[in-house]
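Below are structures written as structure tokens.
In what follows, chain A forms one complex with chain B and a second complex with chain C.
And then the complex of A and B:
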């Protein structure tokens, strides 16, 4: 019964908390640039405003263009429900593993790219082609990270992984460190953050993710924006729950532990949001073709993580 | 006739037109105009401007060996004149604009497509002596053809995602690599040249100050200097010094903003945040000292409308001191950012030879080995009494254009200090006599040299005014600079050029 309630609560929690985390990233960046910055609640107002607005659809667009935002949003939201936040005791946790999570994110990406092509504008095509270019290296890198973590913890289920890490079976592992580095790089690319993509730019020619959704407006855009926010929170949760799971509640935990888990999770993702804002203020965006080098590095790190695992076992 | 002839020797064969100041104007016949074209092919004479006036065309040149400046004129027959575009590619767009506005056809030009006239005006050739030719209907503009396998086009603009001026860019790409960029401008056409006709000098100066808002001081000085030249008015010295002070403040404010805006296009927004703060400090000091943040209408023909008070001077001294330190820090920050340099070094290279052929001035020219600056050559007061360096870099890339700006800011801050120190006393205005004449001025705005040509009637009204923005000779170089770069680097290149749309759309 608790698992059912926690599952429902978790599902809504990621949705409700996502805009706040995006708001914290933006506020951190603004403050570091010496600007006052908007309140961290601004993303909620933005989404609300978009939901009120009329959705304008290009004459050349097909049915795919209309349904893509819903598919993308649902896929990302569903992916977010797989990853435990404050407790591993959720009804859906045993139903899916991290490979399903990657597949759901891949599905969302696939439909965004199709929608980008659908209206037939040059920018949409440009964005879709760049997005697929990023995905072609980013997705294998992410799978590789998950493989090395599964080898380390002997499971692909996130809840079991967390339990394994917390049980103290692994100490300071080179593999875990490499996997973390790789995961962070993949997360930056998957979420289109600087130095891969700039989510706040108005320059159509430099966009990746924004170029694909350039034709969207109104509630469709709100869904896509919300999906991007949930995806950012999801990746932060992956990093915090898998690599720093301390504080998370288990099955049969008391209310105090659940509350602690909730606070710990929120503190962790907030810190990650601020770190992201800080790091984004330090670098310029890289040239489009260097993304291959960047993600190639992530893939290599993930591969090394796996190899080191076997090497250390052999020793 | 070909060979080592100076500009004056060559044009001396034509008829000297009286009342054109400060540089001579010669009326050529068609045979001499054709000889001029042949001579241009072998001479290092930079085309400074090409404009029409009724049925005449005028071309201004600078002899790079002797630094002489002169205007050659031709009375056209049957609304046709031999094109200069074959020997001076910078003339192509000017000739297209002449055709659209005056209905004069450049014979032998490789490009006869319309430029300013997008087929949406109620009449064609609005400034021609005989108008009334019905305008052509809006037609599909024929972009230059590009052929080859797997090429695709990306149309950008004229309406952009950011709040910027309108302009259309047609990219032809192979994947991410730009094969050709073609610009199509003219969306900000306001009929400046038509509006100028019949204006009094005061009204004309106001309008000139609004041709390109970010260069309002430079344009106002250009208009005032042309009017003063046309009426042979000598000004008391203090006026020149106040004007120079305003011009340098404008230059500093614009360069600082550019610096941040370029870095922001590489998604490094910290520099933009810094530069916006610094620019705001300049604008607030402007407001405090002169009563207008952008210094509009502070320069009028025959004088200036604002003076530097003692308090104003101390505010500006404090400003210069702070800016010098903080701009240096911005330079160090830029220099210490490998991720930023990675984007700017080697991006959007302008060949020095091309910059020279187009006579490109400003940071575009100076970043490609061109040292031209109207404050030095031909020079105008008070700059001959001031000590300053023109920064020149040879690389021609975005990085060089950033460094030219940083060094120019420091040079301008030095100029402001010198001006405040040495400024002579005296009256701030002098009445302009009511008389006719022709005047020309070359003034260094922050983008480069602005040419302004003016003809006044006997009652002191504007008969014809032609402002030539520096961007006329920089826009075409942007097309060349982006070739072989990737599409995603275009905004960075474009911002490093920061050409004026309004200034060339007229």
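And then the complex of A and C:
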């Protein structure tokens, strides 16, 4: 019963918290740039404004263009329900593992790219082709990270992974460190953050994600932006819950532990949001053709993480 | 308290931390292969030497071997500060083109690098069959750093980046040395000084090469030696 309630609460929690986290990232960047910056609640107002607006659809666009935002949003939201935030005791957690999570994110990306192509504009096609280029290296890298973590913890289910890490069976593993570095690089690429892509630009020829959704407006755009925010929060949760799982409540935890898990999770993702904002202020965007090297590096780190498991006899 | 008890009192966490620092050094070796700018290469090398100093200091603490603090200090002062400073001075002085010229692309080099790491693990596993996993991991990391240094020397055309490759190779040797118990300080000091002397010699060579060929691209040396390109 509790698992059911926690599951429902978690599902809405990620959706409600996602714009706030995006707001924190934006505020951090604004402050570092010497601006006052909008309140962290601004993304909620943006989404609300977009939902009120009329959605304009290109004459050449097919039915796919209309349903893509819903599919993308649902896929990302479902992926977010798999990853435990404050407790591992959730109804949906045993239903799917991390590989399913990658598959759901891949589905979302596939439909975004199709929608980008569908309207037939030059920018959309350009964005889609670049997104697929990023994905072709980013996705294997993410799977490789998950494989090395699975070898280390003997499971692919996030809840069991967290339990294994917290049980103290593994110390500070070299493999885990390499996997973390790789995961951070993948997360940057998957969310289209600097230095891979700039989420705030609409005027550069270098944009990736924004180029695909350029044709969208109104409620469709709101859904796509919400999906992007949930995805950002999801990746932060993956990093904080898998690599720094301390504080997460288990099955049959008391209300105090659940509350602690909630606070710990929120503190972790807020810190990650501020770190992201800080790091984005430090680096410049990369040239598109250097992305292959960046993500290739992530893939190699993940590969090294797996290789080192066999040296340290952790397998 | 005898050394074995002292080691045991730190338990597994000491090994794990040592390996984690080793892994950071290894990642910086990959960073050296990945960088495209000469100044960034030198900065990465400097960082690697500083992390090496940290590794030596950690081993000094864990093994209760005060002479390793001296190794750490040598690594920090000479390799972390003096050598990068000298290299930066050389780059400025010689007015070298600031981008790294590679004989092999960055991507293939990185793949070759992972291959070398796998190779060093394959080599280390049978040799250390009788010892613990701890020694094995340490040796594997150190050997990978050495091989990556060699790879960097092979795949870079510019003499300065080749020297950085040589220095990072030497970092790998020191990493292996501080991990093993009973390495005399004399050996380390002599290695550190020979590296400094090598650095000075390289500096002179740079000037000579550039005077002769107006470039630091060692491809010119190949024709000079009568090799066909």
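Keep this in mind: the second predicted complex is superposed on the first by the 312 of 315 C-alpha atoms of A that agree within 3 Å, B and C clash if a C-alpha of one lies under 4 Å from a C-alpha of the other, contacts with A are read in each partner's own complex, and residues count from 1 in each chain.
Please note the rule applied: a contact is a pair of C-beta atoms (placed from the backbone, for glycine too) under 8 Å apart; a residue touches a chain by one contact, two chains touch by 3 or more.
Not measured: the values here are computed from a predicted model.
Undergrad: Name the contact category of A:202: first (chain B only), second (chain C only), both, or neither.
TA: A:202 sits against chain B, while chain C stays out of touch.
Undergrad: Applying the document's definition of touch, where does A:169 land relative to chain B and chain C: first, second, both, or neither?
TA: Neither: A:169 stays clear of chain B and chain C.
Undergrad: With both structures fitted on chain A, tell me whether chain B or chain C touches more of chain A's residues.
TA: B
Undergrad: In the overlay, answer first, second, both or neither for which of chain B and chain C A:122 touches.
TA: A:122: touches chain B, not chain C.
Undergrad: Touching A:281 in the superposition: chain B (first), chain C (second), both, neither?
TA: first
Undergrad: If we overlay the two complexes on their shared chain A, which of chain B and chain C does A:49 touch? Say first, second, both or neither.
TA: It touches nothing on chain B or chain C.
Undergrad: Which holds for A:296: it touches chain B only (first), chain C only (second), both, or neither?
TA: second
Undergrad: For chain A, which residues are in contact with chain B within the complex?
TA: 29, 32-35, 122-123, 125-126, 194-195, 198, 200-206, 214, 281, 283-290
Undergrad: In their shared complex, at which residues does chain C touch chain A?
TA: 12-13, 15-17, 19-20, 22-24, 26-27, 30, 34, 106-107, 110-111, 113-114, 117-118, 121, 124-125, 133, 136-137, 140-141
Undergrad: Given the complex with chain A, which residues does chain B contribute to the contact?
TA: Within the complex, chain B touches chain A at residues 152-156, 160-162, 176, 263, 265-270, 272-274, 277, 337, 339-340, 342-343, 486-491.
Undergrad: For the complex, which residues does chain A have touching chain C?
TA: 171-174, 177-178, 181, 292-293, 296-297, 300-301, 303-304, 307-308, 310-313
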